[in-house]
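First subunit A sits with subunit B, and in the next complex the same chain sits with subunit C.
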Partner chain A sequence: MIRYLLLVVDMSRAASAQDLRPNRLACILGLCRSFIREFFDQNPLSQLGIAIMRNGLVEKLTDLSGSPEAQVAKLDAGKLGSPAGDASLQNALDLSVSLLRSLPPYGHRELLVVFSALATCDPGNVLDSAKACKANNIRVSVVGVAAEVYVCRRITEETGGTYGVALNETHLEQLLLAHSSPPPATSAQAKAELVRMGFPQRSTEEASSAVFVGLEARLLSGNYTCPRCKARVPELPCECHICGLTLISSPHLARSYHHLFPVPPYHEDSKERAEEAAGVLIRQPAMRDEVPTSTGSYCFGCLREVSQPGAAGQLHLTLRCGRCKQVFCFECDAYVHEQLHNCPGCEFGGT
Partner chain B sequence: MRFNLEGLTVYFPYEYIYPEQYRYMLELKRALDARGHCLLEMPTGTGKTITLLSLITSYQLAHKEVGKLIYCTRTVPEMEKVLAELAELIEYRAKYLGRGPGSNEILALGLSSRKNLCIHPRVAEEGSRESVDAGCRRLTASWVRERAAERVSRGTTEGGEEGGSSGGAVGEIELCDYFEGHERAGVEALLPPGVYTLSDLRDFGRKHGWCPYFLARHMMAFANVVVYNYQYMIDPKVSQMVSRELEKECVVVFDEAHNIDNVCIEALSVNLRKQTLEAAGRNLGKLSNSIRRAREADAARLQAEYNRLVAGLIAQGALRGGEDWLANPALPADVVQETVPGNIRRAEHFMGFLHRFLAFLRDKMASPVVTSQSPQVFLHELQERVQVDAKTLKFCYDRLSSLLKTLEITNTDEFTPIQLVADFATLVGTYAKGFAIIMEPYDERLPQVPDPVLQLSCLDASLAMKPVFSKFQSVVITSGTLSPIDLYPRILNFNPVAIQSFQMTLTRDCLCPVVVTRGADQMPMSTKFEMRGDPGVMRNYGRLLVDLSAVVPDGIVAFFVSYRYMDQIIAKWHDMGILQEIMQHKLIFIETQDVVETTLALDNFRRACDSGRGAVFLSVARGKVAEGIDFDRHYGRAVVMFGVPYQYTLSRILRARLEYLRETFQIKEADYLAFDAVRQAAQCVGRVIRSKADYGMMIFADKRYQRHDKRDKLPQWITRHLKEAHMNLSTDMMVHVAREFLRAMAQPYDRGAVGKSLLSEAALAALDAAGGLDGAGAAGA
Partner chain C sequence: MLNSHNRLAIFAGQQEMCHLVHLGLGEDANSSADSVFPAGSLHARLSELVARCKQAAVTAPAADAGAAAPSGFALSGGLSRALCLLHRLQHQRGGRPRGRPRVLCVLGSIDAPMQYIPVMNAIFSAQRAEVVLDAVVLASEDSSFLQQAAHLTGGLYFRPAGAAALLGVLLNYFVCDTATRQQLDVTQELGVDFRASCFCHKFVIETGYVCSVCLSIFCQPSRACSTCGTAFTGVAGGTGGGSSARGGS
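Up next, the complex of A and B:
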């Protein structure tokens, strides 16, 4: 589940309109920043690049890469200058084709355009470029802010993308963030392929010591070591700057794949469930010494005390994983399902 | 689906039906049951055509005594559309009724002029309608064929086989293979049941070697559904030869009939220009020559004609070569069934008579002042000056056609001018009331250029419609815009058994009419005569279009009140830099009076909309574009009507007509003018909504639309969406409304919405049981 997404922000004349607060561009840039963070949060292995449309041209701001903060820093209204001229959808499509064409075929290739303008001023026929996108399996999606433009509707339909027009700021945010979860896989991309990846260990040096890390040789106190060439890298996920191996950690992988293999939902604990679970759990090795609690029950995630199901004066709702039969508190349930995408009980080998 | 409508089984080719379609059918059925005429208004985009076809063909099936369905359309593309929908319906019906003989199969065909149907390799290439007609006649006139037949028989006796090849050229006399093929087949030349569009007819003709035009004319007698042009029903010249044979029980439908009164009037009006008269003079010279030649060569023929006229045979149609040309321009009931008066029986005398009449007309045209006369005054003057009386004038047309046939003239297109003059004469002679003769020495707009026109103008639309209403049992007049609907029966002078205006049920508010009365500077906007020249008003109109083009995606259509005003305002906008500002957002295309140019502009307009560039089309109410071209979907996301499209009120013809309407039908001048203007405006803005999935802004930019007399005349399906808050907007408020509206419309919407705006078969059955839609209005929801 690897996505390559080119985000194109419209900075034509229309982006200076003030129907969104404070104006369209500022609003869009702000939302794009949160979109990029959300995107990498949901798809840690994916890559994203940014371009802007202005004066009938498309300017590439960043190459495709996997680090959110570098991208977010580029999307600053002060540095970008003011909106001007026309927007050209065709140039955006052409850029996406040239950038995304050479990427490995197992990834999703996507173009997301945030379109303020109501017209596209193109050097040629935009529909030809749309065909090229389709031929290269690029999925074009458009988020409009003003009104429905026929050509956008047509291109998105042809390439299998989505088209939404925002009613207001909140709706625009919804539309944008909807693109952070990956699209359904198309049959053309369904073939399986093996990708080599490394899972580096975090080096456990003393907190006070520091080493030179990464390409820029920054002095950092913690780092990861590439399992193949033993180079030190500062953060995950990234590509090793020496051997080019993709370096990630297991939670990243889990987050990327949670759309495919979601953690089974926890159910509210009840007396019957607790009895059934006790029968299963008794046969398993304990993870560590039981946590002594007054109620005799604790959350498997945070080890906090929770009340027994059905007990009088139950304070917290408790939940139980259907697979590993462990008890979780409400907060851990949210954390597991919304961010971690791994059930600690199941990972521990409960089943 | 198949459902029961008050005892009638209706076959409807779709799975669901709109409630308004159901109501429409109900109303139509009741009118047919009552054997009366009806007037039905239903918005476009609600499937009016299929509803009509579906009900009437089902009715025909159940009631064998009902005759043909005669479906009149305005244009050939509309005709094709009707036939395509009918084909779908028949296909669907076949599922229930089966195929093959005895299964009530339908024969439906479109009928058009020779120009659209001819398949003769050379004649079909001719440019105009008249020249194709003439080309055809040259090959198929009875005397040409007789002569060819003579030659063939002589050829076979003398020389043997060489002339025997039946088609093509016999000696130097050329005949049409297809016509001959059709003639040979005689009554055997039949079309198998089915739906035939014009191109189907041509293909069929080619395959069998039969002439499609004559085949279609022949098959009209056997067809269940005939689709043809308004003219074939209304224009007495055409209808007499095409529609005479139709039985009384036929159901006649006029679709898109909002302009039917104008069609009626045109059918009975004749315009003579200076060039026409000159050409008619030359025609006379030619005719005299051929009379002289005929007298020398074959005096017996002229004598025979004389004898025939004496015997009065002309009225009985026993004239040789009595094919379908040169029919009398007057209405059948008014054609005199008497013998031709003695003073024009001889060909030479008739020539003299025409010479005198022509001289009189020429004399009239030389006058430098505008005159308007009633027919009586005109006739009196005629009698005084050149001793021509009304009785003789009446026969002018018949006499001319008799003469042309006797002289065996085939190139009739050359003789059009003299025919026009004869038309004029016959109409003036026949009608004393409801006409005006108006002479204008120059065009009002260019007083320095002499361009005299002598117009015989029909003032009464009911004249041409009267025979239709009296002849046929049920006449259905329908359109998307017939408001105010009670005015039509008065203008056309008939008593409908049903008058109904239907609403469109919508799942969302997809039309947004607004009335813009002020510019952003709060100055009122109007095209009132005193205000239209004001640069402030022009600038405000310009700003409106600039602001609109910044918020509306894809296509915008703007209508002006006249070409003249459009030219003026565009020039002003250019000076003010408004055009350049619009160009920043959209391309600009302009309708001109040149058809080719306009077609090209439209084509490029569509391309600009398709490719996302966006475009504005500047057009004129009452123009070609306003009447026949759709701006559906993204081609028209907004339509602006700049001003109220009143007719040119100083026009003599309009003055005369208004006076006549006031005296005869008690219709106030202002009422009629407002009605006519608003119906044009409604036509224009109606161009953008062509289906329920469509959406569009409708902007009425004139402060006069705010007034009740205008607003009430708009069709209900528009006024229903006109919110109280949108009736008095300034430009900036309008822009805000447009922005909100377009955003809301861009949201995905559920086409299904079954039950709310669509009725399934089961829902209909329940409705029928509950006693109609009104009785159980909520049952469908």
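Up next, the complex of A and C:
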């Protein structure tokens, strides 16, 4: 799914409290930086923007964009100044409505507020703004640092978001990173569409040459060419400034493909399974007896010795893939299913 | 470079096989000359492997007459096995060699489009594990999978002009570890092919249609997504400049 998230950080005077080391703001900014990286890792094609609440007003720090480095650079406590004044939830909600309202309907619109204060100081009725968010399909979630605040609870319940209050720094990190994985989508929220996108090639000119690139016509050497209008863009992902085509590189999309084609789980080996597998493996191109072992079988992934199923005093737990019938050890099972997302045996044209 | 903590494993194969030909993990107490300097027995083992593959290719057409067309070298399978082995070795104790672990692929075949997703999965887990993927391609055209692998993991990609140049490339760039590599003067081309292949036909496409729910790529618009089953309301995107994602200003 494609998410458009606005992250609002509270810089009211409550953020200078020192119950989190060194103070709440420094701790929150550090965690927001790792949240941003994790967000782009898990959500290719999504866009994120940052705003801060200070002195009863809300200031937009960065526009919604798809690259993490520029956003992370802005979240520097030295550049942002010191926290002061009150936090205003209504201004934050109104900013999110104005920014997210004009986005395409297939994207999921979200607002995440990291709230340190205990009250909100608003020019009008904050619950009206919450209704406006709900009308625009914006899901508001809050991560609180101080204590549970009733109005936050009301707003998140009305818009379908989550509200959690952190007990300590580790808990705060947990709550924040929980928002990096996509939320469950309701049918009312986003309509699915086929979006036209382009996959540009990186230019192959020599390193010493340079071209005018992008809207500001900067002189750069490495750049990408839009496949539709042949304009040059500096980095991916972005929108072509001439024809408006969304440009991405295939690794961005490929990061989420393992969800579509998951690896079948491995089952613990037993004598019956071993015999059935032996019958199947005989017919396949032989990739056996590559490593000398005392037990006669070894893990197909990491070539570690594993014991025969049912033998007394097992060295390592033996597992077998249901599809390709190869043997794996416990560590390879964890690695394949959590990080690699490819079963080595099934890649060889297994049955 | 020359270090008693260096560990070496060699996989070789063709089409749908990838055998382990040599494994030098330095674990045996009585390491024979073979495991430390494998060059002698390596030639014998590789010739035996080539003979075995030829024999299998001759007998195979009779065996599975109804099987699908061969899909080219199982690069994803070889990379997956190598990464599982590296994962195990990284968590072992003992002396560490200098630099990052690396995987060198010497390939003679062209890319098989069916393997796009498994190869990308392998590349991302190599990125996470800080493993460097290098490639030397001896085929008639560039391998976009290995170009992307080298680009994303910080490795080197070469397509030498002929098989005679292979030894020069290997000795110059791949004998040293990744830490020493920065001292070398390496000329790399900038061009990397980042185009994707569509899910329906596996063609390489420059523009395509992306399902907004599951992010699968199609070359033609259709009524419903074949991967996640969502019915589409319409086709969107990219008609006028500066519409959707710019913030108000």
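As a convention for this text, the second predicted complex is superposed on the first by the 222 of 351 C-alpha atoms of A that agree within 3 Å, B and C clash if a C-alpha of one lies under 4 Å from a C-alpha of the other, contacts with A are read in each partner's own complex, and residues count from 1 in each chain.
The rule is short, and it goes like this: a contact is a pair of C-beta atoms (placed from the backbone, for glycine too) under 8 Å apart; a residue touches a chain by one contact, two chains touch by 3 or more.
No experiment lies behind these values; they were computed from the predicted model shown.
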Contacts of A:V213 with subunit B and subunit C, given as first, second, both or neither: neither
Which of subunit B and subunit C A:V8 touches, first, second, both or neither: neither
Which of subunit B and subunit C A:V114 touches, first, second, both or neither: neither
Contacts of A:L93 with subunit B and subunit C, given as first, second, both or neither: neither
Touching partner for A:A130 - first (subunit B), second (subunit C), both, neither: neither
Comparing the two partners subunit B and subunit C, which touches a greater set of residues in subunit A: C
Subunit B versus subunit C as contact partner of A:E148, first or second or both or neither: first
Touched partner set for A:K60, first subunit B, second subunit C, both or neither: second
Contacts of A:I28 with subunit B and subunit C, given as first, second, both or neither: neither
Touching residues on subunit A, where the partner in the complex is subunit B: 13-14, 19, 89, 118-122, 125-127, 144, 146-152, 164-167
Of subunit A, residues touching subunit C in the complex: 1-2, 4, 44-45, 47, 49, 60, 63-65, 98-99, 102-104, 106-107, 190-205, 207, 221-222, 224, 227-228, 236, 239-246, 249-251, 253-261, 283, 285-287, 290-291, 299-304, 331-332, 335-336, 339-345, 347-349
Residue ranges of subunit B in contact with subunit A within the complex: 550-554, 584-586, 609-614, 633-634, 637, 739, 742-748
Subunit A partner contacts - residues on subunit C that touch it in the complex: 9, 16-20, 23, 56, 63, 71, 74, 76-77, 80-81, 83-85, 87-88, 91, 115-118, 120-125, 128-129, 148, 152, 189-196, 205-218, 221-222, 225, 227-228, 230-249
